[in-house]
Amino acid sequence: MEFDWQPVWLTLKLAGFTTLTLMFIGTPIAWWLARTSHWLKQPVAAVVALPLVLPPTVLGFYLLLLLGPQGVVGQITQSLGLGTLPFTFAGLVVASVFYSLPFVVQPLQNAFEAMGERMLEVAATLRASPWDRFMTVAVPLARPGFMTAAVLAFAHTIGEFGVVLMIGGNIPGETKVLSVAIYDHVETLEYDQAHLLAGGMLLFSFVILLTLYLINGRLNKGVR
Amino acid sequence: MFACFKTELEAFSLDVNLWLPAKGVTALFGHSGSGKTTLLRCIAGLHQAKGDLKINGECWQSAGFFLPVHKRPLAYVFQEASLFPHLSVRRNLEYGYRRVPEGERQVTFEQAVAWLGLGEMLTRMPDKLSGGERQRVAIARALLTSPRLLLMDEPLSALDHNSKQEIMPYLERLHEVLSIPVLYVTHSPEEVARLADHLVVLDAGRVVASGELSETLASLDLPVKLGENAGVVLKATVSELDDEWHLCCASFPGGELWLPNEGFQLDQPIRLRVLARDVSVALSKHEDQSMLNVLPAVVESVSENDRPGAVMVKLDLNAAEGEALGCTSMLARLTARSVDKLQLVPGKSAWVQVKSVAVLE
Amino acid sequence: EQVLVAVAANFTSVMRQLVPPFEQQSGHRVKVSYGSTGKLYAQIQNGAPFELFLAADTLRPQKALREGLAVSDSGFTYAFGRLALWSAKAGLFDQSSGAEYLKQNEYPRLAIANPKTAPYGKAALEFLQQVDVWQDVKTRVVRGDSIAQTFQFVATGNAQLGFVALSQIRGWQGGQGSLWIPAAKEVPSIEQQAVLLHAGADNPAAIAFHAYLKSDQAKGIIKAAGYGVVDK
Amino acid sequence: MEFDWQPVWLTLKLAGFTTLTLMFIGTPIAWWLARTSHWLKQPVAAVVALPLVLPPTVLGFYLLLLLGPQGVVGQITQSLGLGTLPFTFAGLVVASVFYSLPFVVQPLQNAFEAMGERMLEVAATLRASPWDRFMTVAVPLARPGFMTAAVLAFAHTIGEFGVVLMIGGNIPGETKVLSVAIYDHVETLEYDQAHLLAGGMLLFSFVILLTLYLINGRLNKGVR
Amino acid sequence: MFACFKTELEAFSLDVNLWLPAKGVTALFGHSGSGKTTLLRCIAGLHQAKGDLKINGECWQSAGFFLPVHKRPLAYVFQEASLFPHLSVRRNLEYGYRRVPEGERQVTFEQAVAWLGLGEMLTRMPDKLSGGERQRVAIARALLTSPRLLLMDEPLSALDHNSKQEIMPYLERLHEVLSIPVLYVTHSPEEVARLADHLVVLDAGRVVASGELSETLASLDLPVKLGENAGVVLKATVSELDDEWHLCCASFPGGELWLPNEGFQLDQPIRLRVLARDVSVALSKHEDQSMLNVLPAVVESVSENDRPGAVMVKLDLNAAEGEALGCTSMLARLTARSVDKLQLVPGKSAWVQVKSVAVLE
């Protein structure tokens, strides 16, 4: 049997894009949540965690409604000439981002909060603008938080399944990711293939994670 | 430099209104909890208080205007360790340095490293330093931003006497090199006397005294109990060198004092400090004793001191020699019994015996 | 007595109608566990306490019999699923123009169930190949994991049309839409079999429900829901 | 239609038990990971994150194999007279714990690491035994981490679906949780009921989360 | 108390071998980075170094044995802020207090609060305190564990002079109340002289001097430059009270000194410190001057001081009155010129004029 690499690449691409997007979206949200004392702080924090409590397929269903041609967002994307998102790779990214947001925001918010004000104040007196001190002080000090956020987001997206299945339509090469492929094998009693894929995925993920952790451990000690 | 702030912190309120010289070191003195740190934070813009702030004619803060911290060309040495834990000593030092345009740099990296003796620790991480080492790095880092206002919150309190002695001259020279105002919080009267030109005393968030150092120190009713460290500061000129005995003579209106020659040049202006505890008074001049400095004076006033049995006597130096009435006074801290025994009352002539003199810069 | 029945997801709503009359008449209680056929089968293999298995195909009940998980000779066909082409938008086609519309090819997305996992998907794929549309639409086909998901794709308008189960359209409360039911000889119907599992071999309730499914009363309900049944 | 409360209770019970169990299991793991410099540290950390990369149904499938009558663990539980875990509430808890472990370990590990040594040293010189200082210093200082861990674990268990469906078998009153119930409604096109349940769940979760966050915010400020 | 440690920290190695008295305050003195903090951490058990440690006969550490930190009945005041940020001041104070069995408590909660003036801040959180306030809480918290060994790492450096003056007497009385050894790291010669009975000097991780305070201070070749703070410590007894002038007279073998009476009783034993910088020398006795304390003495030795032109003269007090040769010496820091002028050579008789005397306890 020829091994089908497409789902593997697609999965990595999806997880990569999602993680990246999540970092860009999650960081400002987490930063705002960590620093503000606005009355909206707690409600927003609660809303961010909400996607978690819906079963993925159900979340997928609502996203389908929302992003579909009759949905609010769908109407907007259509009027912008973008078409609708479901059944596209972009749609998968949007859905995954939505679903994994809490895994990114929460650890980052904790890291930013644990940091305190002092180091940022010091940087300010050393002429660093808010953006500068965010990049050169807050981000490095919050590195364990970023690490955790990225690992959780990446791994969760790889393993994600319900939402992807629902919003992606399982189109080979476009939205058929690894998790769906394994699932298919399990459902059709092709256990051998399922074992192979799942085992490979675990091994691969283990190697990735271990490397990541080892580098991180090294960084924590060394001089930079 | 003009600063005026009002702010409330739970149980504490700060309400100050200050005119400070645009040059020289101003010591900020006051009890623990009197608001020194809070005032520095307001000036730095770290604490947003209502108020006005003008430095050398530039407005940093006024009603409706607030210059953000990083746009204020100041440096701040914090009271507690504040090194970036994720950067090596070198990178800590470079942090502010790099953010200052090259043209505005007045201190080179090598200078700062040499002044504070950091050569050996450049590659180390902050958590591998001792308390004093950390503080030295923090001072160097601040200096490397070539600030136009330097705020220092007890920068030397974690240092030993020797390190202090080594660093102080650089701090002293700082405002000559950089010619900037320094606001210096300290608990050490020694540091006040040695470094400061001006003195501001805070108490419970209010300014209770503010003025030129020698005036403030000589004033008998200064509410701060300078205690052991009350004394006067004199502006003098080196008028004679005695190389055999490593001494030099410093003249000032009203007299002259011999002191150890620490490499002074003739005619060099120096500042001297004479502590009240180092001054004794005699009714005649004795030659067969070890004190070199014995000066004629007239008692100007006698006042109760901070503790019973001790008395502070203020004497005018120049009047005895019939010169124009000048401002040079001496403070002597004596026992009440001696004052009584010697009948020291205002107007009485006496000899001031000075046991030791310190040079301030 | 009580019986625990594992039921293929596509049969959920019919099952809900079947249970109350049975409980009334027999005095037994029925508990139902819904899931996709593949999942239910994996669970049965691994010790699930199901007593009766209503699958969405013939493959798994037969496998259960072969592997000795079910009581031999207990397998029978309880329903025939029927495939229909459906769109949520009314007026696109009707019973007469459905085949035409499918061939005209003017829709961006066509939804079918995953042919690998769902019998309805397999049937839809075979039909598309048979009428020579497959090559043209191949790249525009989206696959629902189950026939239910396929229906959701169409119902939400994300796919313009799709092959769904006739029973779903019968049960659908939403708008009319466009419907085409291919003739029974053109498209194979999906044979759904049930077996009595060993756990229920001695349970009167299980045996009774097994029998009840073959009754005319049950057949009537199943038929009304849009399935075919075995006419004696 | 009579509203069926059973899945709601079951869900809360499952999420509660799972979160509690996770705290007890995750805390020592996170503490060990945060403090040790053993060479096994990074491998263990990677293994803890692994369940994430498998799709829930697939994970459920393997747990089923493992815990079932033929599985290694199943053999053991059977020989201990415990029967097998799948299709029981206990089985659901085990599976959920396994699946949500990384969400608990990672934030806790970060919180423990961010804390540093100093405060523990101070407590030691004040006569606090290791256990004592863990409870009175480490735990309170890591509170934001615990908070995040609990929220993620609880919410994730509520929304979890694939694993639960696979290992639980959707048995009413025993393993049919809310997410599965909503899923059933969506699958059978009973969208009204699905909306109702999903909406209720969202609202309920929002209220819970908000309350939690508000209390937490208060605690962060107040004197304790 | 016996301590012997060896440990390596990257660029630094500690290698000490110490015998310390089981009572009284031992000052740990040394440059920044000389290993003072590291030594305290070894003793506390926070840093696991190879070595032996015995306190009052109890073994805390030896080859193969290591008493865990929380089982060592010690208290540690850290060099940097170390309050629990999640607990109010009250809860911080109670933390250690509650963990000490009631029977072993020697200090009450109220006492500690009163001594360190914490009454008003009990309900506040640590981040709302000023630097000095935090340090006072840390000291009180340490005292409340009624330790049998007190380790203090620059506990007073964040405090102003007044707070220091207020707290020091309590620290002084501590080892009377608790009768425990105190190991006290400080950079302040003032604190050394005032608080310490013993002095240990560290340099680059090695002990370079260790001994009784008065001996160590009087030794002319002490490698630590005590500088301004060189002097002698005398053990004396109050022999006369002069209530009119708030003075009292303290006698010691070799003479007597008048000093301010701070509420002493007749016959009370006190310790006096006379700094070399406060002592001048005359060849005859002058009555018409303010210094009360003029004592006959004989020059014992003359030695170069730390800076050119200054000389340290050691004088024996009692010899002049023909008493049994005793041990009471005085140090005078004079200019070389005066020494030459007065011809001060060993054996010469002279009058020691003491400007001020400090009482140590």
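Chains here go by letter, A, B, C, D and E, matching the order in which they are written, and residues are numbered from 1 within each.
The definition used in the following text is that contacts are C-beta pairs under 8 Å (C-beta built on N, C-alpha and C of every residue); 3 or more make two chains touch, one makes a residue touch a chain.
In this text, all values refer to a predicted model and were calculated from it rather than measured experimentally.
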Shortest chain-hopping distance from chain D out to chain E: 1
Chain whose average C-alpha position is farthest from chain A's own: E
Remotest chain, chain B as reference, centres from CA atoms: C
Whole-Å gap separating chain C and chain D, where each centre is the average of the chain's CA atoms: 35
Distance from chain B to chain A - Cα centre to Cα centre, in angstrom: 57
Separation of chain B from chain C, taking each centre as the mean of its C-alpha atoms, in whole Å: 91
Chain centre separation (chain B, chain D; CA means) in Å: 61
Per-residue multi-chain contacts in chain C, two or more chains: 39, 42, 149, 152
Shared interface positions of chain E, touching two or more other chains: 124
Per-residue overlap in chain D, given as positions that touch at least 2 other chains: 57, 61, 186
Touching pairs - complete list by chain label: A-B, A-C, A-D, B-E, C-D, D-E
For the chain D and chain A complex, residues of the former touching the latter: 41-43, 45-47, 49-50, 52-59, 61-62, 102-103, 106-107, 109-111, 113-114, 144-145, 148, 151-152, 155-156, 158-162, 179-180, 182-183, 186, 194, 198, 201-202, 205-206, 209-210, 213-214, 217
Touch list for chain A against partner chain B, complex: 118-119, 121-130, 132-133, 136-137, 140-141, 143, 223-224
Of chain D, residues touching chain C in the complex: 57, 61, 64-65, 68-71, 74, 84, 86-87, 165-166, 169-173, 176, 184, 186-190, 192
Contacting residues of chain C [partner chain A, same complex]: 36, 38-39, 41-42, 60, 63, 109, 111, 114, 116-117, 141-145, 149, 152-153, 156-159
Residues of chain C defined as touching chain D within the complex: 4, 6, 9, 12-13, 16, 31-35, 39, 42-43, 45-50, 146, 148-149, 151-152, 155, 168, 171-173
